[in-house]
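Take a look at these structures.
Two complexes, one shared chain (chain A), two partners (chain B, chain C).
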Partner chain A sequence: MQRVVLAAVVVLLCALAPVVPPFTLTLITEALIFGLFAMSLDLMVGYTRLYSFGHAAAYGLGAYATALMLLHFDLPLPLGILAGVALAVVVAVPIAWICTKSTGVSFAMLTLAFAQLGYAMLFRFKDVTGGSDGIGGIPRPAGPFGLAVFQGKLGYFYLVTFCLVGSYLLCRVLVRSPFGAVLAGIRENDAKMRALGYNTRAYKMAVVVVAYGFGALAGALYTPFAGFVAPELFFWLVSGRVLIMVVVGGAGTLIGPIIGGAFFLMLEHELSEATDLWPLIFGAIFIAFVMLAPEGIWGLLTRHARTQPPRPDDDADREAPRAAS
Partner chain B sequence: MAIEPGEVRAVIGPNGAGKSTLFNLITGVLPPTDGDIVFAGERITGLPVHRIIQKGVARTFQLTHLFPALTARENVRVAAQARHAGRWRPLAGSALFAATAQAADAALDLMRLSGVADVKAGVLSHGDQRLLEIAMAIAQRPRLLMLDEPTQGLSIEETDRAVHILRGMLSDGGLTVLLVEHDMEVVFRLADQITVLHRGKVIADGPPAAVKANAEVQSAYLGGLDQ
Partner chain C sequence: MNFAGFLLAQSLNALSQGAILFFIACGLTLIFGIMRIVNFAHGGLFMLGAYVGYSVAAWTGSFWLSLIVAPLVVGALGAAFERSFLARLYARQDAGAYLMVTFGLAIILAEAIRLAWGAHPLGVPIPDRLRGIVLVVNQPFPIYRLFLIAMGAGAALLIWQFLERTRAGLLVRAVAQNADMVHALGTDVRTVRTAVFAFGCAMAALGGVLSAPLVTAFLGMGTNVIIDAFVIVIIGGMGSFLGSIIGSLLVAFVQVFGAYYFEDLALALMYLLMLAVLVVRPGGMLGKEE
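The block that comes next holds the complex of A and B.
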């Protein structure tokens, strides 16, 4: 049932895209990018209980790497994005290696430290990164095969939608696989997993790198969308915002954070036009969710479904993968 | 001290005798300050925990360690997955789930837990939780099974039930068991060899009857209960 509704929403979005006002399309595109970003963090926060306070590093790495690729190598747009993601993943490996040496609060602080390190390095290496100005004028090259379709607003929207749906399906397979079952075990009891013979550090490293990869994809999609990158992408406020999006959307559900990310971005847009006090309203919403609906937006939406007797195929997203019984 | 294949050896001793330390040394949680640990002819001293477990050692904890939000079956299934040969094949997910679920159901059945297989581990009774942890250990098909006070915190009836189930499991033979237990009655009903630890040293070693009669053990441990 959920699957049908989700597919219908995607089809509806794609069908309406050509007729909505251009400005709305831009807003939706950005919302989807942020949804993808929040979903990538959910792999760590919701499925493995690894709280990252520095997920902006993934976003910023993807964005800057893609900016440099597109600017200097004239790659076709999709290739430039993929190359940016690949570069970010390579950088993520040593970060994951160091961060997973610790757990809990120290893990969170280490991730934050790496994000701030990235932020500081942008200013240190001005020649490459443009310092506080960032990098502007990033093209959307069609490349040698003339993939001009992604250069327009509508084409780019479809590219982002494709990446989001594809990433969602990949992550869904991942969390329902035996690997996902191990992540759930680590979330529940890390010491016991080690006592069962799992090298939990290796699994945690893997999930951090994968989360960085999808986070970098979101950042990479942002670059040609905005046409410029700036150091703020690495800033801790971005990390904090995305963490809030995951919690408000519903951690450990993948789809919840996508909704949370998109919802927050739309809301921020509407509120910031209406009043300067919008961060205050944000804070109130966050507190309300944590206290009244810790299962998040998606939990609220599916609360009704979950009080029904569970069917084998529905609603398994929240649970650890189960064997087909 | 040494454990022969196929024997059920209990380690007893007063609080602080080093029983849990012994467990932690064998499984690599603590590094030994001196001496060697040899498992199946192979020196395992200083290896990380998960490597030692992968050689065929399974343990339970004195304080129950479970995955509370997962079902009893999933708890055991994850344990079985840890030692399953197919766990690294990313595309064989459903085959792995099927095989390990089968192993989990068998282990749950052995511990008489089939009725609660779909209940979340966190809401099981304390007695069932202790048995569930043993089921997880069995599902790993260990060459050495280490049980740290399996009846700790159980009522008399629950203890009796647990001992009954454990005896049934051990009667099948083939398992090598190292058992730490405070309850002497449980020890004498389950073990065929007993090692007595006192302040980190072995002070007696042998079949239950001989250990019971040993004068030094009487004064160090058992005596304290009788006199």
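The block that comes next holds the complex of A and C.
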């Protein structure tokens, strides 16, 4: 049932895209990019209970790497984005190695430190990154394979939608795989998983790198969309906001954070036009969700409808995957 | 200017900056020690202290009164917040929930301050008695910064003696170690928690009042300082009071001397220091690894 509704929403979006006003299309595109960003964090927060307070690092890395690729190497757009993601994944490995040395609050603070370090480094290497000005005038090169279709607004919307749906399906496979079952085990009881012979540190590293990869994809998609990048992409308020989106959307559901990200971007847009009080409302809504509805929007939506619980750990009866260590 | 004199002046500078940082970091670390809460709103409370201090000083003309009133107001607000929101989350045992509720409070505080006081920076004059400079070994040095050093050292000494020597301090340490046991022994742990949270908020506000004459009260002073405070608390060890003193001094010295010697690396130095400490000791210098 859920699957049918979700597929219908995607088809509807794609069908309506050519006829909605260009401004709305821009807004929807940005909302989808943020949804993808929030979903990537959900792998860590919802499925492994690794609270990252520095996920802006993934976003910023992807955005800056793609900006540099497009600006200096004249790659076709999809390749530029892929290159950005690849670079972010490479950088994520040592970050994951250090951060997974600790858990809980220390983990959150370490990820925060790396994001802030990235922020500081942008100012250190002004020649490459443009310092506080960022990098502007980023092209959307067409490249040789007739990929010019992505240069337009509509084409870019389809590219973003394609990336989001593809990433969602990949992540879904991932969290339902034996690997995902181990992550759920770590979320519920790390010590027990270690006692069962799992090298939980390796699993945690893997999920951090994967989450960085998808987060970087969101950042990489943002760059040609906005046409510029700025140090604020790395700032800790971005990390805080995306964490909010995950929780409000519904952690541990993948689809919830996508809705949360998109929902908040739309809400922010509407409210900031109607009233200048919106950060106040934003903060209040957020506290209300944490206090009253920790299961998030998606949890509320599916509370009555669901026939089977949504979390992957409910597959606990299934035979446990073999130890990989 | 000879080198020794330069070194002395910069060191005093760093000490005064460390004093401001200490006011924020000590509350943060005490709150974490007792409740395992990372209070993201601490920067906002610091900022609120500066603004309330500005208003009190503007109405009454007395900087000294603002030093007393602002911490009381912010402390009361902190107590109310702890009682009405955080206390309801203790049963959930979810570190993420605290992180996010206090983050929500931080957003609301920043916005409420903008609405109440406006977006312009507000200058707070240095009180007459602390204006001017003194010569420290032939180096001119602002009296106000010496006053900051004295305040920071005094507060550190008082809190340390309180924690070590008084019965209430013993209770605070006991709750930090094993809250359930203290509760079972017939102490009202709830009150201890509220009191420590309120005290931590009040200390942050005091830091805000003290720093306003140096940097004015401005929007964003909270977001700047909270990250510094996090770094300090992590370096010193989360929950360790002595660690927050050492961390404050270390970070202040790295900031002051880093800005002089490695100008373009200054921002990054603090984080590099923190990463170095964490790689060697994941729990911080004086912290326990969890």
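Operating definition for what follows: the second predicted complex is superposed on the first by the 306 of 325 C-alpha atoms of A that agree within 3 Å, B and C clash if a C-alpha of one lies under 4 Å from a C-alpha of the other, contacts with A are read in each partner's own complex, and residues count from 1 in each chain.
We adopt the following convention: a contact is a pair of C-beta atoms (placed from the backbone, for glycine too) under 8 Å apart; a residue touches a chain by one contact, two chains touch by 3 or more.
Bear in mind that the values here come from a model prediction, so they are computed numbers and not experimental data.
Quick check on the superposed pair: does A:S167 touch chain B, chain C, both, or neither? Answer first, second, both or neither.
neither
Go through the superposed model and pick first if A:N199 touches only chain B, second if only chain C, both, or neither.
first
For A:T129, decide between first (touching chain B), second (touching chain C), both and neither.
neither
For A:A181, select first, second, both or neither according to whether it touches chain B, chain C, the two together, or no partner.
first
Is A:T29 in contact with chain B, with chain C, with both, or with neither (first, second, both, neither)?
Neither partner.
Using the touch definition from the top, say if A:N189 reaches chain B (first), chain C (second), both or neither.
first
Per the overlay, which chain contacts more chain A residues, chain B or chain C?
Answer, by number of touched residues of chain A: C.
Can you check the complex and tell me which residues of chain A touch chain C?
45, 49, 51, 53, 98, 101-106, 108-110, 112-114, 116-117, 119-121, 123-124, 126, 236-237, 240, 243-244, 247, 277, 279-280, 282-284, 286-287, 290-291, 294
Once bound in the complex, which stretches of chain B touch chain A?
27, 48-50, 53-54, 58-59, 61, 65-71, 73-74, 77-79, 81-83, 87, 90, 93-94, 96-98, 100-101, 136, 140
Which residues of chain A touch chain B once you look at their complex with the stated criterion?
Per the touch definition, chain A meets chain B at residues 176-179, 181-182, 184-185, 188-189, 191-200, 320-325.
Quick check on the complex: what are the chain C residues that touch chain A?
Per the stated touch rule, the residues are 32, 36, 38, 40, 85, 88-89, 92, 94-97, 99-101, 103-108, 110-112, 115, 223, 227, 230-231, 234, 238, 264-265, 267-268, 271-272, 274-275, 278-279, 282-283, 289-290.
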